[in-house]
Amino acid sequence: MADGAPGRTSAAPYYRTVGSERDVFRRACGERLPVLLKGPTGCGKSRLVEAVAHELGRPLVTVACNDETSAADLLGRWLVRGGETVWQDGPVTRAVRTGAILYLDEVAEAREDVIVVLHPLADHRRELFVDRHDETILAPAGFQLVASFNPGYRRGPKDLKPSTRQRFVAIAMRYPEAAIETEIVATESGCETSVAKRLVSFANKVRELHEAGLAETASTRLLVAAARLVKAGVPPRTACRAAIVEPLTDDPSTAEALGDLADLAF
Amino acid sequence: MADGAPGRTSAAPYYRTVGSERDVFRRACGERLPVLLKGPTGCGKSRLVEAVAHELGRPLVTVACNDETSAADLLGRWLVRGGETVWQDGPVTRAVRTGAILYLDEVAEAREDVIVVLHPLADHRRELFVDRHDETILAPAGFQLVASFNPGYRRGPKDLKPSTRQRFVAIAMRYPEAAIETEIVATESGCETSVAKRLVSFANKVRELHEAGLAETASTRLLVAAARLVKAGVPPRTACRAAIVEPLTDDPSTAEALGDLADLAF
Amino acid sequence: MADGAPGRTSAAPYYRTVGSERDVFRRACGERLPVLLKGPTGCGKSRLVEAVAHELGRPLVTVACNDETSAADLLGRWLVRGGETVWQDGPVTRAVRTGAILYLDEVAEAREDVIVVLHPLADHRRELFVDRHDETILAPAGFQLVASFNPGYRRGPKDLKPSTRQRFVAIAMRYPEAAIETEIVATESGCETSVAKRLVSFANKVRELHEAGLAETASTRLLVAAARLVKAGVPPRTACRAAIVEPLTDDPSTAEALGDLADLAF
Amino acid sequence: MADGAPGRTSAAPYYRTVGSERDVFRRACGERLPVLLKGPTGCGKSRLVEAVAHELGRPLVTVACNDETSAADLLGRWLVRGGETVWQDGPVTRAVRTGAILYLDEVAEAREDVIVVLHPLADHRRELFVDRHDETILAPAGFQLVASFNPGYRRGPKDLKPSTRQRFVAIAMRYPEAAIETEIVATESGCETSVAKRLVSFANKVRELHEAGLAETASTRLLVAAARLVKAGVPPRTACRAAIVEPLTDDPSTAEALGDLADLAF
Amino acid sequence: MADGAPGRTSAAPYYRTVGSERDVFRRACGERLPVLLKGPTGCGKSRLVEAVAHELGRPLVTVACNDETSAADLLGRWLVRGGETVWQDGPVTRAVRTGAILYLDEVAEAREDVIVVLHPLADHRRELFVDRHDETILAPAGFQLVASFNPGYRRGPKDLKPSTRQRFVAIAMRYPEAAIETEIVATESGCETSVAKRLVSFANKVRELHEAGLAETASTRLLVAAARLVKAGVPPRTACRAAIVEPLTDDPSTAEALGDLADLAF
Amino acid sequence: MADGAPGRTSAAPYYRTVGSERDVFRRACGERLPVLLKGPTGCGKSRLVEAVAHELGRPLVTVACNDETSAADLLGRWLVRGGETVWQDGPVTRAVRTGAILYLDEVAEAREDVIVVLHPLADHRRELFVDRHDETILAPAGFQLVASFNPGYRRGPKDLKPSTRQRFVAIAMRYPEAAIETEIVATESGCETSVAKRLVSFANKVRELHEAGLAETASTRLLVAAARLVKAGVPPRTACRAAIVEPLTDDPSTAEALGDLADLAF
């Protein structure tokens, strides 16, 4: 669930800046204000975090939040090894101790009790209370808290409560405009620009279909997958169906309508 | 819940290609894009995976997803043996380590927290974070993620969330056309072609009955079972009832109507 | 929850064949197709299984399915004994290993995760994956999977899902016709045939009362109990009330109506 | 939760027979048919069981059923004592082994999985499968299963399922008629007959009040409590309020109406 | 959750008798009938129990009932200490063994399974079955069961079931009349009688406001708190707001209306 | 989850008194009455507690309440260390033992069973029953119980029950008036007073928007975050969006409307 391997940030990750998101992110880091990235699936939230971590030269600890993660999973636990009980830090404790960037991916999926444990870390106190280890850790200057959140996919109860939200500076992210997105798709897949252009054009038509009943719309990630299939020899129309249409819907008539749009694009 | 016995893929499994499904599957593997097989019960999803694994000469690790599987079941756990605490890899960790094909059967049945653990494995990172073992495993080139999903049998909450779906290339599978299905039924059961033909004809009549209130319709698997009963000496009409009608419905009048259709076929 | 005592099948159990149920059962066993017995409470499902197990000379392992049975209960678990950790097979693992008949009584009561574990055992793979013991067991030729299911007593969510149902040959069982049921009641209770006849006649009147709001109707088992009370000296009308009417309903006016029917019979 | 102390049945418990309930109970015991006592709170179900156990000279094992009792609580568990793992029988196992009367008090409160474990004990098999101890116990001739159930106090899901009910001979119990109840109240409390008479008269007026919205009505047990308070010096009207009215209702106006009825009686 | 410290009852606790409650309580104790104290928050239920325990010279064991208390919490559990498994009595077992007064505070908050465990202790049997310790304890003559219950604060499912209620003599308690309550407030807080008088007068105005939508009304306890704040130098109107109004409501307009009433009183 | 590090209160924390809240708090402490701070997110509840703890020179133990905290987490548990079982006090036990200020942050988020455990600590008894350690601790004079509660953010069942609320003196806190809030924002962020003034003016316009459908409104904390971003070089309008608007809402049109208000302020 978490990773703090120091070698990960050695190569500069590809992230194409779209607006002021990177600038606000960096300045919030300078002020040690927690940052919340809000945006749809596959719009580049995780990549932005990787890029800023690399730029600031800090280790990155990622936690994929979910309903089953317990406070012990995050903070640490007592293990029995060689007849002795030894303490093992969890990823959050490790991140605080080492002054890393702690990235809570899809924070709204986490259980409230886990989020509440992070509250003292996310306000003026900047402290982590590791109760089971009977320890209070004051976060060093380099520690930075970042979380991501997808507001378009919230089921009823899965919203962040105000006392959590108001601890973060929140940056809204959206899919980039056509020219930038074409550049991203071509760069990431290695496909020809003309293919990337048509895929972006197709995606934007799908994104305008508010009545299609889609839970979410076509992300940049899907376009990159389609472009890679095309480069691997799959006919463009088949690639659009497998990489874009079928991941978006299980409804046969919606799939057919989206497939017709793909045929128009190629 | 999982199996990675190396000897399993030594005999070429029977799988009859129906459309472009096998080709897209192989090319997605070449691009290291995760694959989602979508289709109804008994249409051959598991067999397709077995066939591609055999063709690519890679070990196959199958996980039957369900509501109770925990992240620890998949990733591994600490066991106490002979006074020492030893780590035991779970099937997912084993599959990543060995570069196997990891097959998540009925992935929509899994708990979200289990699926979320696989997200970093299913995007550009191709990494598995085994938190309890304090280890990050980068998937080798040969590792391939495959999942199956039955969109026709979804109860309300049991849908894949967009951030999961959009990590997969999705291939829609359907029951094969009559000639191909007849060939499959005859080959698998060893029954005469004339019996297989009638069974397929009966199945297609059942499949047209949208008003029958069936949760799902007659699968190729059911036809093979009926053919085997006939070959074992059960009268065809009785075999159709036991192997096709009664597995499909508990409603007496629906069962009678389907039984009448079977009588017409034989 | 399970029993595999070898001595249990030594005496031929009493089972009176009603239709083709025994024949289809045996032939499905010959083809190694899993069998699902569908029918109301007390119609003889468990006795049929015992009779076929005896006839085939195979050990029988029964599992009474319920909401609380875990996969570990069925497959096995690690126990600490004398300072060492030893593995103990669960009943399903024991049944697969020894090639027994595995009988899942009231399978629809089991949790889905438990059922899903049995899927690879119930299709062409015939394999059991015992994850916690890191072992894959291929079922020997003699292994046979049997399950029972009561379709008349389903509360909303408690239905078998299609991907489970379509793995079984299903045999529908009903209460036998009057002459056969009279023979069964007299044989099992040792009562006079005239008493058995009246009890069956009373039961069939109850079974016709669709409007009585009964959750289920009078089973053969209830008639046998009443016959035994009569044989023990309880007046027939009192016996009918205690052994048939009161087990069927708690509603005073329904009980009175059924009691009047009993009085008419005797 | 269970008691099998041998000394308990040494004194003949007071139970006043009302109808055929005791006779049917004894004959069902003779036939080894499980018995279900159905009736409202405080009508004497537990006392009847104690009386029959005493009459038959058999030990009585009582289990107070509830939602939290596990199969392990009933069947037994492995305990660590002096470095060794030893098996401890639970009350049900002890009752079967010793051929006792096993009394499941308020059986409808038990979890289904616990009830299902008792099914093979409650039909022709008369066997208990103690899976964790890897043991099958055949009940000796003297073993008798008895359960109690209050049909007037059922909340939706808390009903016995038909496959359980149809394993029992069911005896319906009701509050006794006035003369008998007066005798019971006077005998149990040691109060004067005139007081007992007035209490029974008051109770019967309360029992006729179907419109009072009471969850249950005044039981014999309440009358005995009131009689004991009177004998201890509490004024009869105050005793009726404390021992009968206030236990029955929390609604002030209902309490006042019932109190007025009590005043009329004394 | 429980306390049986012997030294607690050495000082006579202050309890001002209001009606016949203390007398009925004592006589029920003499008859060994369980007692249920019914009444609103802060009316003196716990103090009455302390007073009677002191008067009878018996130790008092208090259990604060709640949703999470398990039968093991009450009865006891096996603990591993120094390599040996030792049994630790829970508070109920300790109370029964020592013949104490067992006080179940807010009994309706307890889970049903926990309450059911106490049933044999609350009827003619006066026995506690400690299943896990394989022990039956007969309550000594001095043992007395007492419970409290707040009928005015019941959320739907949180009611005592009839088979529990009918095991108790129930005593209804209410807030005392003005003169007595003034005496109580002045005695407990040490404030001047004139202040106590105004507080009681204010409280009685609040208690008459049935339309205010308050979950409960002003208890004697709140008046004592306000009186102590006044004695500590807080202006009476501010004290009324902090100690009475704000604990009663979060609704701004209700708080304002109640505050105006307080201003009128002072 | 809790912190009792003695060094924490060495520097006087910044808290700007708004009304009588600090005075009532101190006097309630003098009377040893538990205190409940009621108010919206980010209005300064935690800071007030820190300030009073510092002023009184007492250690502060904070518990962030949540749904998953168990009584054992708060009271303590038995741990195995070096082969011996040792007792470890939880934060509440530690606070009572040492006579600290125990601060239950967001008490309404705690499970009822945890709150009920604190009841005897919160009334005239001032006792903590640590059942698992078989110990009753009488709170020393210096012990003080404080809790916080946000009445504006209550989801249905998450309300404090009356028997809990009536154990506290409750102090209602609100956002300070403009001049004081400007002073606070400027002091905490180090920004210019003119920026602080405009931010407060913007916040007060947002707070007047009752129809905006916001779960909560702009807190002082958000204003401080915006002021820090401005000081770090982010343009004021962008800072308002990231630090105030986006944390408050995910709805695009609401965000736009709030953004327009921000543009008007700068």
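In order of appearance the chains are A, B, C, D, E and F, and numbering begins at 1 in each one.
As a convention for this text, a contact is a pair of C-beta atoms (placed from the backbone, for glycine too) under 8 Å apart; a residue touches a chain by one contact, two chains touch by 3 or more.
In this text, all values refer to a predicted model and were calculated from it rather than measured experimentally.
Steps from chain B to chain E, minimised over paths through touching chains, total 3.
Chains making contact with chain D as well as with chain F: E.
Chain D is reached from chain A by a rotation of 180°, derived from superposing Cα atoms (nearest 5).
The chain with its C-alpha centre at the largest distance from the centre of chain E is B.
As for how the two copies chain A and chain B face one another, under half of their interface residue numbers coincide. Relative to chain D, the most remote chain by averaged C-alpha coordinates is A. Taking each chain's centre as the mean of its C-alpha atoms, chain B lies 51 Å from chain F. Computed from the mean C-alpha positions, the centre of chain C lies at a distance of 59 Å from the centre of chain F.
Touching of two or more other chains is recorded for residues 80, 83 of chain F. Taken in their complex, chain D has these residues touching chain C: 20, 23-24, 27-28, 30-31, 33, 36, 38, 70-71, 78, 80, 83-85, 111-113, 116-117, 119-120, 123, 127, 129, 131, 134, 136, 151, 154, 159, 161-163, 165-172. The touching residues of chain E, when paired with chain F in their complex, are 1-3, 5, 8, 41-42, 46, 62, 64-69, 73, 79-83, 88, 90-91, 105-106, 109, 150, 153, 215-216, 219, 221-222, 225, 228-229, 231-234, 238, 241-243, 246-248, 250, 255.
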